[in-house]
Amino acid sequence: MTTKPITDQKPVMLRVTNKKMENPGYATLFFDFNLIFKPGQFIMVWIPGLDEKPYTISHHSKNKFAVTIEAKGIFSRKALTLEKGDLVGIRGPFGNGFDIRPGQNAAVVAGGCGMAPLATLVEGLPESITFIHGARSKDFILFPDRFTIPREFCTDDGSFGHKGLVTDLLAHRITHGKPLDMVYTCGPEIMMYKVFELCETHGIPCQVSLERYMRCGFGVCGACVCGKQVVCKDGPVFHSKALREMKDFNKKALLKSGKEVDLSLYFSWRCQ
Amino acid sequence: MSIQFLQRTLKNHTVLASGILGNSKDILERVYENGCGLVTLKSIGPEQRDGHKNPTVIDLGCGMINAVGLPSPGYLNMENEWAELENRNFPIIASIYGGSVDEYRRVAEYVSAKKPDFIEINISCPNSEQHGMIFGINRESSRDVVSAVKSVISIPLIVKLTPQAPDIADIAKTCEDAGADAICAINTVGPGMVIDIESGRPVLAFKKGGLSGPMIKPIAVRCVFDIYKAVSIPIIGLGGIMTGEDAIEMIMAGASLVGIGTAVRYRGIDVFKKVADEMDAWLKSHNLSHTDIKGAAHKD
Amino acid sequence: MSIQFLQRTLKNHTVLASGILGNSKDILERVYENGCGLVTLKSIGPEQRDGHKNPTVIDLGCGMINAVGLPSPGYLNMENEWAELENRNFPIIASIYGGSVDEYRRVAEYVSAKKPDFIEINISCPNSEQHGMIFGINRESSRDVVSAVKSVISIPLIVKLTPQAPDIADIAKTCEDAGADAICAINTVGPGMVIDIESGRPVLAFKKGGLSGPMIKPIAVRCVFDIYKAVSIPIIGLGGIMTGEDAIEMIMAGASLVGIGTAVRYRGIDVFKKVADEMDAWLKSHNLSHTDIKGAAHKD
Amino acid sequence: MTTKPITDQKPVMLRVTNKKMENPGYATLFFDFNLIFKPGQFIMVWIPGLDEKPYTISHHSKNKFAVTIEAKGIFSRKALTLEKGDLVGIRGPFGNGFDIRPGQNAAVVAGGCGMAPLATLVEGLPESITFIHGARSKDFILFPDRFTIPREFCTDDGSFGHKGLVTDLLAHRITHGKPLDMVYTCGPEIMMYKVFELCETHGIPCQVSLERYMRCGFGVCGACVCGKQVVCKDGPVFHSKALREMKDFNKKALLKSGKEVDLSLYFSWRCQ
């Protein structure tokens, strides 16, 4: 069953080969499969009989990959109950992934579960980068012991590292040390927007990974459009240039019905 | 070079099919900028509707299967979009659907007042339990919907048909007689079903879905061929068009314009420009014009 | 390991589809020797008929389009073949068609007396002007043909249906009620048309033709799924089956046996053995039996 | 138009680039196209609006190929009226072609238009082969000046070469000179059968190119079956081994309707 290539066509069924509870709200599901992928790309994960949702790859090696899922709504909560041996369908990978530049002075800014797509990116970047990671509290710091590259932490409640926002740390770094030549970020959209603003102010190119409701994953159905961009296909990673023209960034999103709403409404709707 | 279609001037013969990307003004504009002559909005329904759970759209290699399930903000919940679309610099078709003749009429009347260039009634969508297809497979119901809509709108009316009709040409003629200004053919084919054998479950959450893309082209061409013999109003031919040659084939069957949907997946968002350019190049190399080839497959 | 189907013992679940190679005892025997469990003769009609001019069968890459046009020696002109078939060591289905209820009855009665193992009535062929399909899209005419044939034959009756029926499950139920012993689904899809743009002519001499092969599999699977819910007689599922996994998918939709036609082109005449072996291997590796998976896609 | 590859899928349209009347009843139509093919294979030739029939390739070079057609019925007579610039559709090549053995002591036996598939074969065989060619009369000797390899001729009326049958010449050759190691033959089925019988008697392996009514060309429709063989796909060239078991060889053929008849009836029916 695991010998078929995984493609962007119909899902290929894989069994969960391992599961790690990262904390009470996050779990990582491992699969034994040689997936060809680039950091920042995503796959569609199908739980037969339930639904299918996009997830980024959080671990990747020659014969293994993993997704790390935060329990939020019906689907992700169900995903956290999957056990070794359970079947899920995978199609992909989709999207463009990060545009990895060889620069020594990049910064990676992760917020909460936004660590997931950045993890495999960080593993390919040089030691000299700046690595900032924020979460609501200590327990929600994802992959605390995973990287050799040192991380600066911050939490909303101060339970670990700096008490405050990732943007505090990023702003500090910008004004101290060598000029940054690229900032990669993933996390809540409001956070990414703040990072983008900061980068714009200081003329630093930046790449953010957006999230919208998705159906096809390959640029046909239009569910995920954000301004003139098709997030699943042109993104999910966007450069500063596209972000500048993207009038819906941190402002609007389409509900499942196609109705355009404020981003806050979008996230509250997704509860259901 | 521009062309005429129902008294409007279009820059070329390509049309964005309904349900493909057409979710907001911005993206429609991008499609237009990528060479599309006429863009269609995702079908608008009588109320807000989420559509089906995922998987809803699956690629099968020689086409796709989908059961998106007619998601729609609902015609009353689109004021922002209409406001934005008012200042557009490109022509649009507003596609609508309903669950009853009265709903079609209500949605059509409201939408028509927003002044899209054309209104298209989708009487052919197979992906929802209550909506659509039933109207398009039956002569009487097709006529009722078309007459009802026609009586309340002031813009040209396009009727989109399903290949599941036992005699699509007969339905087209019925629609023409009831006042349709153009026919759009075809909607997706089937429905079909794909079962994942490892889990033993249909892959689509809705189980069944409509087929589109290259694998349905022969059916689309045959439908347009049959309709062309039966009616004198223009036809928007679509179903599996990928290249300029496919478009020429559809025009030879009798289409005036060619719709493109699934090919966006295989050739990118600029497929419209590619197809239009390929058509021009073909015509030029054969020293023929669009008029020369329209319906050419009907000669003996 | 052998299996049971309508009181007969078959060596496996594969069936040669009608119209594929089934023109003489010798070649049917070769198909059987190449792993086929049950072979179907090319449909036999009421009189000698040449079928259409060429091109009649064209490969489209993900399937074929054909309008062979029901060629047949005519049921009265096959004495040699019946004589040869009398001494066969393999089970056969004799497929028949007619242009009227009376013709179906006449052909069926004659053919049934020649003692094929099963008789299949093709009420679904789209490739001829006068014959076939019209019966299979309509409840009343399907019932009339089935009852008429049933009353004159002494062997089990299989009815072959068309996906062009607006509700194939309803037709299947009607046939079951009228006495059918099994359903065979599906015949070719469409019809479709392929136009050669250089000459501006439909490629098939008959212009339109039925689609078969991988591109119709989702439609076939959906039809079998729908029929399985509606009837309790067994179903021969066919349409686009290429591999053991395709066969498993069809069985999960509800098929008891799987027919194979177009795949002979893509995988050779030994496709039957290949598919049967692949099915066995899959079942073994999943520790499942045929009974476990039959209709499995219907669970929730 | 001529840049698309010709395949066994839908016909590719080519224009006749040249036409040569070989005699009042035979014409060769040339096409500028690089067709990949093996001697003995055939193509389906479509005259739009009329019909489509199988023909063998009679000339082949890197950028050119030709079919040579004998005026018989409606289709072939129409083919002889085609002119430079006319469009025909081609699909193929189909079938197996001759199994070319390096042997120095082969014989090639052509009857009438059966010369067509043998021509490109002969061009690939060594000078030392035996080459026998029969026709009804001098005018019907196809390609009289084409080959460097010498030919022994015979005609029914004695107007050229030996008066009599190709089998006379073959029988003579078998009993004089080095033992033949392969006989390739194409012509009327009765002639090929006689050649086969002669070869069987003397234990010489033989390859004959059969003809049956064809529809698909690729082994699906069953129109062309001959015994257990599917002529379009398993043939049209058959070895002695298959011929021995082929009880319909020189006996039976299927009409267009599928009705099995005696070979003589088959050929008379095809008049219509």
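Every chain is named by a letter (A, B, C and D) in the order it is written, and numbering of its residues begins at 1.
Quick note on the criterion: contacts are C-beta pairs under 8 Å (C-beta built on N, C-alpha and C of every residue); 3 or more make two chains touch, one makes a residue touch a chain.
If you're wondering where the values come from, they're calculated on a predicted model, not measured in any experiment.
Q: Could you tell me which chains make contact with chain A and chain B both?
A: Of all the chains present, none is in contact with both chain A and chain B.
Q: I'd like the Å distance between the centres of chain C and chain D, where a centre is the mean of that chain's Cα atoms.
A: 35
Q: Go ahead and note the Å separation of the Cα centroids belonging to chain A and chain C.
A: Distance between chain centres: 50 Å.
Q: Please work out the Cα centroid separation of chain A and chain D, and write it as a whole number of Å.
A: Computed value for the inter-centroid distance: 66 Å.
Q: Enumerate the residues of chain D that touch no fewer than two other chains.
A: Chain D, residues with two or more chain partners: 49.
Q: In chain B, which residues are in touch with two or more of the other chains?
A: Counting only residues that touch two or more other chains, chain B contributes 60-61, 194, 201.
Q: Connecting every touching chain pair, does the picture come out as line, ring, star, complete or other?
A: Topology of touching chains reads as a line.
Q: Which pairs of chains touch each other?
A: A-B, B-C, C-D
Q: Okay, in this complex, where on chain B does chain C touch?
A: Residues 60-63, 65, 137, 164, 166, 189-195, 197, 200-202, 207-208, 211, 214-215, 217-219, 221-222, 225, 245, 248-249, 252-253, 282, 293, 296-297, 299.
Q: Write out the stretch or stretches of chain D touching chain C in their complex.
A: Contact set of chain D toward chain C: 1, 8-11, 13, 44, 46, 48-53, 87, 89, 91, 214-223, 225, 227-228, 230, 247-248, 254-260.
Q: Which positions of chain C touch chain D when the two form their complex?
A: Its residues touching chain D are 19-24, 26-27, 29-30, 42, 48-51, 53-61, 64, 66, 68, 71-74, 77-78, 80-81, 194, 196, 198-199, 201, 203, 205, 261-262, 264-265, 268-269.
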